[in-house]
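Mind looking over this structure? Questions follow.
Labels for the chains are A, B, C, D and E, by order of writing; each one numbers its residues from 1.
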């Protein structure tokens, strides 16, 4: 592990230990392909376990994480890079790792990340999808569902409990005012309005 | 040509099962005991339900509606509402029973229902005190 | 070769087909009965879990993750809980750890029985599915008692487990293990030693050991090629470093080798469960105090966890953003690579009769490929 | 089983109300009654594992719960089947195949759905890729509730279906024939014009053999 | 005569279906469950006849099941059911084993014609598998039958039955021939390990994939009639026929349950493996039996 840290230092990269078996290195997009190649060919991280993508909408970029393993499989190294959200594009690594083909295909469909040189950027799970890629965070799934599918319309008699509480409290207040016992009743109601909402253990 | 005698003969031992008693539970004639902690259909003790809507709030499936019950209820009920559950949504995760402050909402071990009309799956939890107290 | 492809007929093996594992399809180009090209199609079960998880708070999201892989929900729950614990720094008690380990091993046994049914059914041996699914049901009965759910347990919660052990549970589990040990001998006679299974499975679907490491094949595919790797040993989690067990391996890399690995793993699971029964602490918290569900916040950080499921290593990538919602949770199950990279390769030049058998032995579970 | 609790609601949609009419069919002749009895005693099932419910199919059909003792037995192809079990939520991609499978079945044919999801979306109610109310697209005969329904519940569903067949109540396929426009309109609404693979496609003489 | 033929067909229909019901029941018991009632196959058959519509692909598709049923019925009326009485003898004196062997392959051919018009790739694949298997099945069976013809110097079944009364049962006299015929009979019954044409995990229901409703019911009926005919043929050839109804039931059931047991404990061969096996082991056993008859018999 110390060996790897020193090797990465030569490339002016820092390896951070996150958990017992988990390390992370952040890298710029330009360096990514060469770094992955050197992980594969020089450092001995020959297994690509997964490629993960995260949409940081607020910062305007995608964070891509490549998880690599040695043949000993005793720790994971996450190689992380971030790319622009607009016209997102990454070099395809399916020539180094055949399984990257399917992972990149999925990412292309779900996030709209382009992979120049990828042979099969076809549908993965969706069919005839014509909206923005669904796992982007600006895609509102509830809105989409409401546009497409009506729900069962028999639940319209549902009441808003907050409004009902208020109504009842006011009705009670009026009644109490009449009886001139306002103060005592109010104190009692106060305690009931804020029931503790802790997630409880099974006793 | 080596013949795998064991491979030919040992499967025949399965025929012995012919004389064993079948393991089948002949439901509906015989019903298997479902343990009391099973997460089945809901029961609600209307006498202690305070209508706080915690269950509605925690339910990720948007399955719980607060409605006025048609029978008398707890005087201390703050909103005058009790939960009604849409079984076209519920996933029996029992989060609603975990957060229930007065512990009035429970899950029963009754859990089978089939209906020919898909509109018939709004469920008003039964007011079943006796089982409610047994379920811990 | 070109001439071959012109004379092929195209059939879709699935999505509604008795010989397919779940709801997916394999598009086959056949020349006679020989497969010239295979292409996997998934998406029939896509629900967008990763999107749904982003819309829910941590407490709400935990109920949904177990649906990601239907035959074995518990590794998903464990992964989710452990990822949240890693991010928030929650420590769980020893008893909760033992219970979780026990649930994982029980689930492994149950999954193996279901697999055995599928594997035997794929060669037309209708007897074994009838037996093994029934035997799996006895394990589900115990789950019912312990967790309140038959298939979806929703049991492992960030911070521990949701319920304590019922009274006398461990002795009932111990009885069931005795029964299973007897049954495995019976299955050995009727299935693993069955001459037809040997004839059909030996030499079919051979995986190359060099490909295994590079292409990230996991689980029994890897151990069937003689590579002795298991997440439980290499990156021990929960109580696995305190338990004594072996990793069974076979060297042939074919369907039969994978079947034998699975059989031996069942015996190892029984061994682990017996140790857990002995070592289970009687006292201890089962669930840490955690904030209520609107206040349970994840720090802006990311983590990657791995669990050994019954079909291989299953990994979750999870990132928080300082709010009560999960920024991103990505699932990498063992099936993804198996169903695409490996299956498409293995099926070429094999027979139509081998498709169901090969798919079963790879442990392909469609809901986990597409989530 | 369930004595109280569930109650239906009035529907305002006129077309919907027409669908709800379920009365006794004209099974006056002895022959028809006998045929209905035999139909109820022998149900060939094609189990389409559209969702999680596929996991409770093996226990139902194998030795622990043994649906075959009720005359319910699985077959491989939709052509021979009387009943299709849709076990769980349906993705749009699956719905296309399910509609095709259903249309391949020979009348009389029935549908049982398992789980909450086909009733009102279930826990995937906000998912962008699943349908929420199956009865808008296909005529559902019996819905079994649960997530997942236990094998007992599935057997209850079979019993209810058998009872309905025996009594000659109006079955789903008759509704489907009568209100084909309604169903086709709904199917088109969610699936667009891609109700594909088309039933008439000549798979074996396609221009480009590899293109789907 | 006509009355007897109709009675025979009805008997075969009922007995065949009860046997199919028993098959399901015994299988279920070995699998650890109760299984359906014995009459379940009747229910299935009547239900299928009462289906409202059945898909068809033209007149050849109609004809296929009819040809198969014809083959089964002809086989049935040419096999003597009882050895002594003239009852239900019908036309058995008119045929011989050669005609019978010819009729037994009529069914698969009719099937092939009908499935071809259906155009379902799984159906076609199933038929191809079925015909391939048939090559393997016929060889040992023909060897066994030829052996019996040589041994008894006649191709008349009635004569073969009568001869067994003096020389002893053929199962004891010519055990090798019996084993060869029995193994191919497992295949003729479509039991594992030779249930290749209709393997559900591979080709759906194989040849039956496109058949539904009334066609399927006809196929089921012919299947059970044919099964009865084949059982009776085996006991006529090797077990000395039956002189009473009880004898008939006991002997056919013994053969039948052997086939069930073999079918349930073994899985399914691949096509080539099945043909390979049938060409080697049962054929070899049959040839040994034949050689024994020619040289020593």
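By our rule, contacts are C-beta pairs under 8 Å (C-beta built on N, C-alpha and C of every residue); 3 or more make two chains touch, one makes a residue touch a chain.
All values reported here derive from a predicted model rather than from experimental measurement.
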Neighbouring chains common to chain A and chain E, by label: B, C, D
Chain labels contacting chain A and also chain C: B, D
By mean Cα position, the chain sitting nearest the middle: C
Relative to chain A, chain with the most remote C-alpha centre: E
Pair exhibiting more inter-chain C-beta contacts, C-D or B-C: C-D
Most remote chain, CA-based centroid, reference being chain C: E
Interchain centroid distance [CA atoms averaged], chain B/chain E, Å: 50
Inter-chain centre distance, chain D versus chain E - centres from mean C-alpha coordinates, in Å: 37
Separation of chain C from chain E, taking each centre as the mean of its C-alpha atoms, in whole Å: 44
Residues within chain C bordering two or more other chains: 9, 17-18, 43, 46, 48, 51-52, 55, 59, 63-64, 127, 130-131, 134, 152, 162-163, 190, 194-195, 292-293
Two or more partner chains touched - positions in chain E: 28, 30-34, 121, 200, 204, 264-266
Residue numbers of chain D (touch at least two other chains): 8-9, 11, 62-64, 66, 69, 76, 93, 119-121, 123, 125-129, 133, 147, 150, 204
Chain pairs in mutual contact under the definition given at the outset: A-B, A-C, A-D, B-C, B-D, B-E, C-D, C-E, D-E
Of chain E, residues touching chain C in the complex: 27, 30-33, 121-122, 125, 129, 192-193, 195, 199-204, 264-271, 273
Complex contact set, residues of chain A against chain B: 152, 154-155, 157-162, 164-165, 168-169, 189, 192-193, 195-200, 202-203
Contact set on chain B toward chain E in their complex: 11-12, 14-15, 17-18, 20, 22-24, 26
Complex contact set, residues of chain B against chain A: 50-54, 56-57, 65-68, 76, 78-81, 84, 86, 88, 95, 98-99, 101-102, 118-119, 122, 136
Chain C residues within the chain A interface of the complex: 42-43, 46, 48, 50-52, 54-55, 59, 86, 162-164, 213-216, 229, 231, 234-235, 286-287, 290, 292-293, 301-304, 306, 313, 315, 317, 319, 321, 327-328, 330, 332, 336-337, 340-341, 370
